[in-house]
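As structure tokens, here come the structures.
Two complexes come next, and they have one chain in common, subunit A, joined by subunit B in the first and subunit C in the second.
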Partner chain A sequence: MNSRSSKKNKFLTFAYLAPTAIILLVFMIIPIIYTLYLSFFDWNLIAPTKDFVGLENYISIFTDPVNQKVLLNTVFYIVLLLVLNFLIPYFISIVVKFFIGKMQSSYKIIFFIPSLFSLVVGAMLFSWIMNPVSGPIAFFMRQLGVSLPNWTNSGAMAIVVLCLMTNWKVFGYNFVLLLTGLGSVPQNIIDATKMDSIPKWRMIWDIVLPLNKSIAFYVLILTIVQGLQYVFTPISVITQGGPYYGSSNVLYHTYLNAFVLYKTGNASALAVITFLIFLVLLYLEIKFVEGRADRYE
Partner chain B sequence: MKSSSLIKRVIGALTLLMVAVLFAGCSSAKGASKKVVHISYWHVNAQTQGGASVDELVKNFNKTHKYIKVTAKYNPNMYQGLMQNLQSAQASGKVPDLVQVGWAYTNYFASNFKYLTPTDAQSKFDNSKTFISKNFTSRTLSFAKDSKNKLVGLPYSLSTPILYYNKTMLAKYGIDASSLSTWEGVSAAAKKIKAASGNYGLYIQEPADTWAQQALQLSNGAQIKKNGKAVFASAAGVKAYQFYQDMVVKDKTALHTPWAQGIDDFVNGKVAIAYTTVAQASHIKKSANFDVEAITSPHFAGHKATVPVGGSMLAITAQKTEQQKAAWTFEKYLYQNSSLVTWSKGTGYLPPTASAMSSQAFKSYLSENPMLKPAASQIKTAVPWTSFPKNGLQAEQTMIDTRDKILSGSNVQTTLKAAQEKINEQQK
Partner chain C sequence: MNKVKGSSWHILLIIICLVLLLPVVFMVSNSFKTLQDSYHSMLQIIPLHPTFSNYSTLGKQVDLLRLIWNTFFMATLVTLGKIVTGLLAAYAFKYFTFKGKKWLYFIFVSTIFVPFTVVMIPNYLVISKANLLNSALGVALPQLCDATGIMLFLKAMDKIPSSLIEAVHIDGIPSYKILKDIVVPILRPSIISIGAIFFINSWNEYVWPTLILKDKSSFTLPLALQNYISSEGGTNFPLAMALSTIMIIVPLLIYLIFQRYILNSISSSGLK
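The block that comes next holds the complex of A and B.
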């Protein structure tokens, strides 16, 4: 290759990358840098002056009891979302794939339907269905002689119910992704295990799960990152983070600080911390999964 | 060949340009004094919450005013949503001309945005200079003043909290509605209902503000704010909140739940009495399948009922004189009696001017909707929405947090005191 064509090639590479790069720059990278910048100031979004406060916003995140509570809630949310939106769909997709076999496509459709609905509609529906005083579930439970606890008054219960709402929305999508992944495991290997009469659970544990790792990993990350964003909608519609921040998480708290209280500095600091936590989580997961991969290669 | 076609093109373009200039000259010469002024009006009224009446009013105005064209823009998520949009508009430098501002945002709006006060608009554009004083009482105007006592806008929508009750249920358990004029009476009724039916007696609205809870404290002779400082942790204030906490936590006769669910529980007949804004009247009337009536806000024995006013004002954010004048003209049109009655019917808000309030059209509307009557009668004694001069939005959040804590059972006195200190700390 002569130098001219390689120059042209370079130019073309940049030209083809430019549209994506510009969009990424304008809508992702610059805002992230600006957020980092704002996190050192006390500002209300429109005042002409920004007061430089140094690390004060960051210190308040770790010393303010409300922020601590919100961070703890976030951990609780992540654990719950992992169980509800990752482990359970994974388990069910394995059951459907290897133990039921029939009607796979009908399950796909049935589970997928809720993810077509808007979460706002879902949240309003659930808030009616789960109304502890006058909702239908409360009515049936009363017929059985038990009363539905007032879940909006307890942070932990509210978190569980809000997670169930996102579960309703996300379950089908994650299920379909995982099931498709399981479908791509080569049939001849599975047939071979049958020939060798290896028990099914060993086949799944030692062959299917490792082979399906990349899809599972993708869904896992999606569950954490997207799940926390999805759960924002029912929080905003139903509890507004209450009772006393009991059902709030970092994303909702960032929104509250930024666009309800107009404390841009606190909100930016929270956003930066969230960004870092996600970054670490991603790094750990990649490390963990890559590390395990060596064993099978 | 090639060059001649180029020349042709150039000549063609030039001719077009000349014609355009000619016509433009024509129109500007003719309409130098009568150019159509475009203004935009930002409101929060969704189609189901009076949006249709906004459209109707704007359409009629545009029909009767040849040289002003108003475009209405709906902002979702009420006054908070509008304020968020206004901030982005301010940042981009393209602000609307007339906006609705919720009372809670009075000080925030006044200290962060550029606006034309109604007083200035009147002296700039009117000959008679009596529009404001003729139409608004000084009490009504006090709702729209900021902490420096400056009139920020003109009151447009007014609301007050009223006490709705399930008449069918009260009759069943032999409770006389007249006993509900005091909070002690409400509590006694709630106890009776709880004991007899297991249903809750009372629900006090819990949206993302403490409007109703402030009414409770005010009606025990407490003050929320005095000389720009929070004073709600006074003995009277503590007593009112203690009373409320006892009903929720100790007696379990009052329900503690988010707003939408609480209203659902009331219209489903699971709560006997609901204390919420008059703006809920049409929803409650439509959804309840029992007889429902409303009375004025209760008070504690030995005190007068005092309610803070809810709703919004209209503020002129236009920056150019032309647009400001057009916005002021439109605003005056909105304050005509017929416009205000249309507005009231569409939204459930009460009209802000005395003459609209006493107009025949509004009176006949009231007699068709008796639940609005108590709200209308309270306007005469209502007080402004509490708005702290500094960090007002954070102060409101602190009061919401306080309500959450108290209703979850924490000590009333220390919680109120801590909140009061926190707010006053932020006033420095």
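The block that comes next holds the complex of A and C.
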């Protein structure tokens, strides 16, 4: 190509990428840097001056018992989300793929329906279903002679119920993703094991799972990163992090510090720590999900 | 033997279907019950004394048309914005060669995973400085920060034979015309399904709008619903369920019409 058209090409490339690049710069890249900057200051989001406090906000995160509790809760959330939103959908997608013949797509269509709902609706419905006095579950348990404990009084129980609310929404979505991954395992490999009469569970464990590693890991990372964000809505609608920060996690605590307590510095330091967790997960994703990053080499 | 096993798996799967769908059934059925019936005969799927009173009460308490319009307008802004920016960027990544392409794509796609709390404070400050609090644009702009569209459109473009694009390019047809007259028509099903996914997600969005929309007249449906739920009890569930039922109509219709395309697009988002 001559130099005129290559100059034109450069301009076009720029013009096509500019809208996305500008939005990402203004609402993502610069904010990340600004959050890092704010994390070294004591500020209340409104005052005209900010006080430089060095690493104090970070020190308080690791010494303050409330922050420690919230970090610990976050770990509990991650474990629960992995079981509910990753392992169970994965198991069910294997069942649907390899153990039933017909109706695969009907299950797909039905499982996906809750994903259409707002998490606010999910939170409302489950707070009704799980209502310790007047809800259907409490009603059934009363028939059996036991009473449903008031889960809003216990941090651990509240976390379980809040995770179940997001599970209702995310289950079908993750199921569809994982089922697709299983569908991309070459059929001839599966047929070959059938001829050698290798038991199904062995075939799945030794062949399908390793071949499906890449998409499974993608869904696993998605479950953690998206799950912690999804669970924010039920926390905010139902428990507001209570009782006494018992059901809060690092994301909700960031929000609370920023927009309820107006401790911008603390909130920013928590956000930076969240970002570091994200970087670790991103690194793992690049390492395990081969080929994703270098698609455009 | 195998047949028996297969059908016992079906029982498990049908139980899962019930667990997932029963809350929806209860939502619709309770929205047509009186407050008393919803308490005394809560498991009755067909209401004993069916009533529209929850819907009419709701209509008196909130401006339903305004809520629906606010939600629709905001979701449309987000959807159109994401489709246009996503298509343009995907076209550049697919058909132009330039330095640093790999890195730029990597940075774009990585932002999908950044939790919103990391950028929440600066974005709030920008939107409030720009005087966009309580406006649909203030809700929409930061949400355009989503590279999912680029990723999905790129995958859809894989289906277009590159020889076709090269041939018209050599004929000297400008690239915006190629995009408008060739790529967009071919990608139509993908654009519709990706747009449908964006629209449904944005219709349901709660977290960012609660920060930006403080004035009741600017509320979207999820924010209005939140007002009907409180942790201290005393919640009027039939009213909340009536509002939820109104809220699900649009996403459900979109899903019923484009179900196959939507599921295909979701599937392709997981593949490399």
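Before moving on, here are some points about what is shown:
The rule we apply is simple: the second predicted complex is superposed on the first by the 262 of 297 C-alpha atoms of A that agree within 3 Å, B and C clash if a C-alpha of one lies under 4 Å from a C-alpha of the other, contacts with A are read in each partner's own complex, and residues count from 1 in each chain.
Throughout what follows, a residue touches a chain if its C-beta (ideal position, glycine included) is under 8 Å from a C-beta of that chain, and two chains touch if they have at least 3 such contacts.
Since the model is a prediction, treat every value here as computed from it, not as a measurement.
Of the two partner chains placed by superposition, only subunit C is touched by A:S214; subunit B is not. Look at A:Q143: by the touch rule set out above, it reaches neither subunit B nor subunit C. Subunit A has more of its residues touched by C than by the other of subunit B and subunit C.
By the document's definition of touching, both partners, subunit B and subunit C, reach A:S127. Contacts of A:Y16 after superposition: subunit C is touched, whereas subunit B is not reached.
Of the two partner chains placed around the shared chain by superposition, neither subunit B nor subunit C is touched by A:T63. Legend: residue contacts after superposition of the two complexes on their common chain; A:N188 is shown touching neither subunit B nor subunit C.
Contact with subunit C, but none with subunit B, is seen for A:I109 once the two complexes are overlaid on the shared chain. In the superposed model, A:L45 lies in contact with both subunit B and subunit C.
With both structures placed on the common chain, the touch criterion links A:P243 to subunit B but leaves subunit C unconnected. Overlap of the subunit B and subunit C interfaces on subunit A comprises residues 45, 127-128, 133-134, 152, 238-240, 242, 259.
Across the complex, subunit A meets subunit B through its residues 44-47, 127-128, 131-134, 150, 152-153, 238-240, 242-245, 256, 259-263. Subunit C contributes residues 5-6, 9-10, 12-13, 16-17, 20-21, 23-24, 26-27, 30, 39, 42-43, 84-86, 88-89, 91-93, 96, 98, 101-102, 104-111, 113-126, 141-142, 144-145, 147, 150, 175, 200, 203-207, 210-211, 221-222, 225-226, 228-229, 231, 233, 235, 237, 240-241, 244, 247-248, 251-252, 255, 259, 263, 266-272 to its touches with subunit A in the complex.
Those residues of subunit A that touch subunit C in the complex are listed here as 9-10, 12-13, 16-17, 19-21, 23-24, 26-28, 30-32, 34-35, 38, 45, 92, 95-96, 99-101, 103, 107-114, 116-129, 133-136, 139, 152, 168, 171-173, 176-181, 184, 214-215, 218-219, 221-222, 225, 228-229, 232-233, 236-240, 242, 250-251, 254-255, 258-259, 264, 267-268, 270-272, 274-275, 278, 281-282, 285, 289, 291-297. The residues of subunit B lying in touch with subunit A in their complex are 80, 84, 87, 90-91, 108, 112-113, 200, 208, 255-258, 260-261, 264-265, 268-271, 393-394, 397, 401, 404-405, 407-408.
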